[in-house]
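Residue numbering begins at 1 within each chain, and the chains themselves are lettered A, B, C and D in the order written.
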Amino acid sequence: MVAIEYYVILSAILFTLGIVGVLIRRNAIVIFMSIELMLNSANLAFIAFARQYNELNGQVFVFFVMTVAAAEVAVGLALMVTIFRTKHSIDVDQLSSLKG
Amino acid sequence: MSGYGIEDLVYILPIVFLLVWALVLVLVEAFTKRPDVTMLLAAFGLLAAVTLSVIQFGTEATAFKEMLTVDGYAVFVYMLVLASGLLSLGLAYDYNRRMGWARGEYYILMLFSIAGAMLMASAANLIVVFLALELLSIPLYVMAAFVPNDASSEEAGLKYFLLGAFAGGFVLYGVALIYGATGATNLMDVVAAALGTNSPVMLLTGAALILVGLGFKVALVPFHMWTPDVYQGAPTPVTAYMAVVAKAGGFAALFRVFIAAFPSVSADLTPVIATLVVLTLVVGNVAALAQKNIKRMLAYSSISHAGFLMMAFVTYGSALYADAVTSLLFYLLAFTVTSFGSWAVVIALEKAEGKGLDFEDYAGLGKKYPMLSAAMLVFLLSFAGVPPTLGFAGKFFLFRTVLEAGYAWLAIVGVIMSLVSAFYYLRVVRFMYFEQGDPEVRSEPVLNLVTAITVVGTIFLFLFSGPLLAWASEAVLALI
Amino acid sequence: MLLREAAATNYFNLVPWVVFFPVLGILINLLVGGRLREKMIGVIASLAVAASFAVAVLLALSLNDQHAGTIIAFMNLEWISIGDLHIDWAFRVDTLSVTMMLAVSGVGTLIHIYAIAYMHADVRHHQDPTRYRRFFVFFNLFIVMMMILVSADNYLMLFVGWEGVGLCSYLLIGFWYDKGKGGANHLDGISNALAGKKAFITNRIGDFGFLIATFLMFGAFGSLQFDTVFTKAPFASQGTILAITLFMLLGVAGKSAQLPLYVWLPDAMAGPTPVSALIHAATMVTAGVYLVARSHELYALSSQAQNIVALVGGLTALFAATIAVGQFDIKKLLAYSTISQLGFMVAAVGMGAIVAGIFHLVTHAFFKALLFLSAGSVIQGVEAGHHAMEHGSIKESKHKRGEHLNEGGEFDAQDMRNMGGLSRRMPVTFVVYLVGALALAGIFPLAGFWSKDEILAEALHLHPAVFVLLIIAAFFTAFYMTRQIWMIFFSKPRSRPAEYARENSLLLTLPLILLAVLSVFGGALNLPFWHTLTHWLDYTLAEGAKVGSFNYLVAGLSTVLALAAIALGIFLYGKRYQAQAKLPAAQRPVDPVQPYLRGAFTGIQHKWWIDEFYDWLILRRYVALSRFLSYRFEERFWHDWLHDNAIAGSFRQTAHFLAQPVDLGIIDGIANGLGTISQRFASWIRRAQNGFVRSYATWVLAGMVIILGYLILR
Amino acid sequence: MDANLIVFIILAVVAVGSALGMLLNKNAVYSALFLILNFATVAVLYIILGAPFIAMTQVTVYAGAIMVLFLFVIMLLGAEELAGATKIDWQKPAAVVLGVLLLAELIVVIFFRETVFAEFAELTDFGSPAQIGRVLFNEYLLPFEITAFLLLAAMIGAIVIARRVRQSPSKRES
């Protein structure tokens, strides 16, 4: 069996990649996917730790996170559709009229 | 079979009632399509929840297998956010009708969000903190983007959503790391496990991630940058609502989590917190000096108030934490009353969505609308911490707590920054009283009522700072 | 825990607000007053004092439950700490201080309201409406200082208030510093600036005494805190106590206008009438009485000191009452009456009859404020008549022959010889004036009857000599008030302006009516057999207040004397005055009493030449000395520096500094021109706030990385 | 080398590679497909870690439902690729540097933590639907209920935003 550390480090890598994705992509939908990747990496950590502690709490948390992700997707995609209707683009760099 | 009893529901009756009432309102709205009816019913629901909270006062219990703690602290925040909800309804009702997009869903979403804030104040389990945070935030994303076909509002909504979800990811990963470090997410178990280790770096990292995520919600520098943009773009009643309720919920959770779960690492975290406080105070106040739009100015001002609120936090690990929470709750109360008042005045002057929000639009207000400008003066003085206003009492107790804890330098920074803040508040006063202009104000009954209540509250409650403080200090006792 | 303590259930911790509310009024008026409508300035100032009053009421209610009162240290700050001297910025809440607070802020509120209307006319009369705001700022400042004085918990804080009220008094006496009558040291009036200076210098002498007393106390007891001083006093030597109390008496004589330092008060009437009413009748001048009452434990230790204080009070009471008989200026007469009544109070507290003294202090505040304000109403009524006459609405001969002009050759609206018959033209003022006069004369059942009789009754068994002095003074009191009433309100108008005088607005008369009500019922504070005030003050006074028995003999005697004096007054000033007025000027006596008093009247009229005596005794010596030393220095100092800089200059500078930069300069300057650093910083922040959601996220990440880096490397 | 480790390394490489693919691909549709691959790989890891039920859910709900929704929206909007260039040039280098720093910090934290993990025992029937259900509805009933309201709120919010009555400007003015 592989040590739990490896799983946690994998989850840290995925978490970081998710963060970097948020920072470097302009497409709002891809940014959002990167956030999903962040949540997913947390899920991996939860499952790994659940295995470590031999308890199912960590697995149950993953359920909740998935629900939250689903809820965010519903709202987020709706927002993006609306923005696209108004601005005909989902480039976040073009959403910079509010500043200063 | 499951080990749950009716008492679990009774302990959190205000929240249960509010959520069930929101469900009822979904049906009512679906079948009547009458926003005003929904609004009235929502107001009734909030009032009922306030009543239930009053009954709740004095309860000290955990509910739902230690997922929630109901104590004076939680009930204080319940009342605060419920009252905020009522004031927000008052602000939104006239505004939404004036702008022509009144919809009943607005009030329903607000009820969900308030329930989220209340859950945050009660949450005794990190996973509940996360879920409550989402329940608070998701309706807010929608409300920020509520204005149809308005680029600013939609931009605000999307910015808030993306950054909010981003910060939510930090909180979640923090929870995961704490779970990994301690094998628990329940605050009691976390603190018990943390006490066994002498330098729990993973726990610290988890705590720091939670601090970042919640710090984003309450707008601490450098996690604040969404605030001015979103406050400016969102419809003003929503801005007023989130300025208070998101802060109240965020701070309520932050304090409970840190005091209950992370006292063992306070020595490591306190310098971080103090640095965040200083950054927040300086950036918030200095940036506000350069603003010309009143919504942005108030946004930066609310950032600086987050700094003041956070100031109480430096003592969280010491024996003085109870005083810190007392000052926090009191300051939160002061901020709530003052903030809603000032936003009410902003709404009164807002001609169309996004119009009438520059300082120039306030020129001549003092001559033409002496009552309104006097009210604004009171709010600005309270923001600046000038007696005899609630804001003064809030700052006074806060600085005293910080001094007691031995952070004299921090108190000095606070005092200097409140002096700086006086300048941008007084700029508005200058426009109101010393500049020539012809502002146009709509007199709307509900809005006027909110202004009147808050202006009376700002001064009148100040006279009863003592009893209020006593109340807040009782609220603290059962925190852990 | 500290916060718990702050949240006590009573209102004692509100006590700093009796001071802060007026401060707030000042701030508001300074900051935005320039842009407010004139009335709003007055309303704000009045509200500030009313709020102070409300706080005082709350304190009184709390005291009702917790009689012992308390000492509230403001923000737990140690005010001064030099060597052994530790003085807290502490407020004393006990029945005595709260009684004073109530009187000061209560009467103060009414006078503020009165001043809203009065000063509106007054600034126009003097053709400088810009000073309206300044007046209320000073007026509020006075309340601040008076409140500090009465709420002090130590002699040093009391001294701060003491000096502060002196400063305000001095600023307000010289309020129209560039106006005023003729040259210096004129028989009947001196220029306003000079009057201010006179008050200032006379008070300096008194304050000097008080300061020495303070030093002595610190030397003897090592503290200036009241309780500590009183605890240690019994162990000090007789000589020390006597020295302290007598130096203190000098301060009392200065502030409360007692012999021999009373001379400034009549000239202080140069200030606007609300000032005379509030500062020079109702409140500030009673500070001396309060000081003795507060220090009664010291005086109780030295019977000689008590004796001297009582005699000074008694002599002053009689002496000033005789002078009052010969005055023609409506306000000066009241000023001498005030001195006389202060003599009553000082005599009372000197004898150890603290309650009687405070009781009279409170009732006197009611009826003397009433009299002054009514006098102001009369003056403005006559001025209005004069104005109407001069500006065309009445085309008749300009002046009636025999009108009394002031030194500048102008019509004198304060000279009672120019009045007469005003009862029909100003009915409200007449009624309230009459109430005030009867209260002052001590007619049953008005307020003055009860308080004055209590003093007399106490004097009878404590100090018979003083009793004699006082009862004669009481007789004179009733006489000169009758004289005044008759000269102002009855018979026919003796000048054309008096014929056209008219009643003032309700804003002006309403406070008068309220004060009249207080003057009628004020005696209820300490009626015989109930002794409300006695029991109330009992909680504070060390050896306990003695519940005096109502002395029917004294009451009867004083009433009979008062009625006799009134009858005599009516006899002299009724028909006879009217008849004499018809005589040719050469045969006409200056005053109806002159034929009876002959030489004595000349003495009275010249105020027993005290001013001249002082002039000869002090000023001449002083001038000779200074001439001998350096004429130029003297001239420069007294005239140029003190007058031009200290009075005129301070007005201009203060007003200028406070008004201009605060209104526009500072706020604008800082907000628009921001210091370069903060401006650069702000623009940098604005640039970072570039509107791009991704860069915002970068900041969040950067913050996270730095925090984690710190936590790992720590 | 342990066979388990080899399997783990292969899966980890696939997971990181698909994440990088999502990150770097210009086309949003490919990004979404890479993310689905990533989720599927992680699901396999879940199975190894004794969470077969969660793995199922991951595939059906996450990869199956949510990501399909993403794809649907991308196609609907026609937003596969964005025109134009970014206006903030320093964003990418800053992101990479900060990302590397964060990762380094996290790795340090994970390796230098104090809680030493014990060797874990093999369990039978760990992570089965029945067990998860028992924990979910016993311990975590309240969070479960909260998620129900969360979904409801999100649903209402999505409907409010997406199904707006398109008003003509003149109607808005009135």
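Here, contacts are C-beta pairs under 8 Å (C-beta built on N, C-alpha and C of every residue); 3 or more make two chains touch, one makes a residue touch a chain.
Note that the structure is predicted; figures quoted are calculated from it, not measured.
Engineer: Specify the chain with the shortest distance from its C-alpha centroid to the centroid of every protein C-alpha atom present.
Structural biologist: The most central chain here turns out to be B.
Engineer: Please flag the chain sitting at the greatest distance from subunit C, going by CA centroids.
Structural biologist: D
Engineer: Using the touch rule from the top, work out which pair, C-D or B-D, shares more C-beta pairs.
Structural biologist: Of C-D and B-D, it is B-D that has more C-beta pairs in contact.
Engineer: Rounded to the nearest whole Å, what is the centre-to-centre distance of subunit C and subunit D, using the mean of the C-alpha atoms as each centre?
Structural biologist: For subunit C versus subunit D, the centre distance works out to 78 Å.
Engineer: What whole-number Å value describes the gap between the mean CA coordinates of subunit B and subunit D?
Structural biologist: The separation of the two C-alpha centroids amounts to 30 Å.
Engineer: Where the CA atoms of subunit B average out and where those of subunit C average out, how many Å apart are those spots?
Structural biologist: Centre separation, subunit B to subunit C: 50 Å.
Engineer: Between subunit A and subunit B, what is the gap in Å from one C-alpha centre to the other?
Structural biologist: 26
Engineer: Tell me, which residues of subunit B touch at least two other chains?
Structural biologist: 127, 131, 134, 138, 141-142, 145, 149, 157-159, 162, 166, 177, 180, 201, 205, 228-229
Engineer: Any chance you could list the residues of subunit D touching two or more other chains?
Structural biologist: 87-88, 91, 94-95, 98-99, 102, 105-106, 109-110, 139-140, 143, 147, 150, 153-154, 157-159, 161, 164
Engineer: Which subunit A residues reach two or more other chains?
Structural biologist: In subunit A, 8, 15, 18-19, 22-26, 31-32, 48, 52, 57, 64, 68, 71-72, 75, 79-80, 82, 92-93, 95-100 touch at least two other chains.
Engineer: Chain adjacency by touch: line, ring, star, complete or other shape?
Structural biologist: It is complete, because no pair of chains fails to touch.
Engineer: Which of the residues in subunit B end up touching subunit A in this complex?
Structural biologist: Interface residues on subunit B, with respect to subunit A: 127, 130-131, 134, 138, 141-142, 145, 149-152, 154-159, 161-162, 165-166, 168-169, 172-173, 175-177, 179-180, 183, 185, 228-230, 232-233, 291, 296.
Engineer: Quick one: which bits of subunit A touch subunit C in the complex? Just the residue numbers, please.
Structural biologist: Interface residues on subunit A, with respect to subunit C: 19, 22-26, 31, 92-93, 95-100.
Engineer: Going by the contact rule at the top, pick out the subunit A residues touching subunit D in the complex.
Structural biologist: 1-10, 12-21, 23-27, 29-30, 32-34, 36-37, 40, 43-44, 47-48, 50-52, 54, 56-57, 59-60, 62-64, 66-75, 77-82, 84, 89-91, 93, 96
Engineer: Going by the contact rule set out above, which residues of subunit C touch subunit A in the complex?
Structural biologist: Going through subunit C, the ones touching subunit A are 686, 689-694, 697-698, 701.
Engineer: If we count contacts the way the header does, which residues on subunit B are in touch with subunit D in the complex?
Structural biologist: 2-4, 19, 22-23, 26, 63-65, 67-68, 100-101, 103, 105-106, 108-109, 112-113, 115, 119, 125, 127-128, 131-132, 134-135, 138-139, 141-142, 145-146, 148-149, 157, 177, 180-182, 197-202, 205
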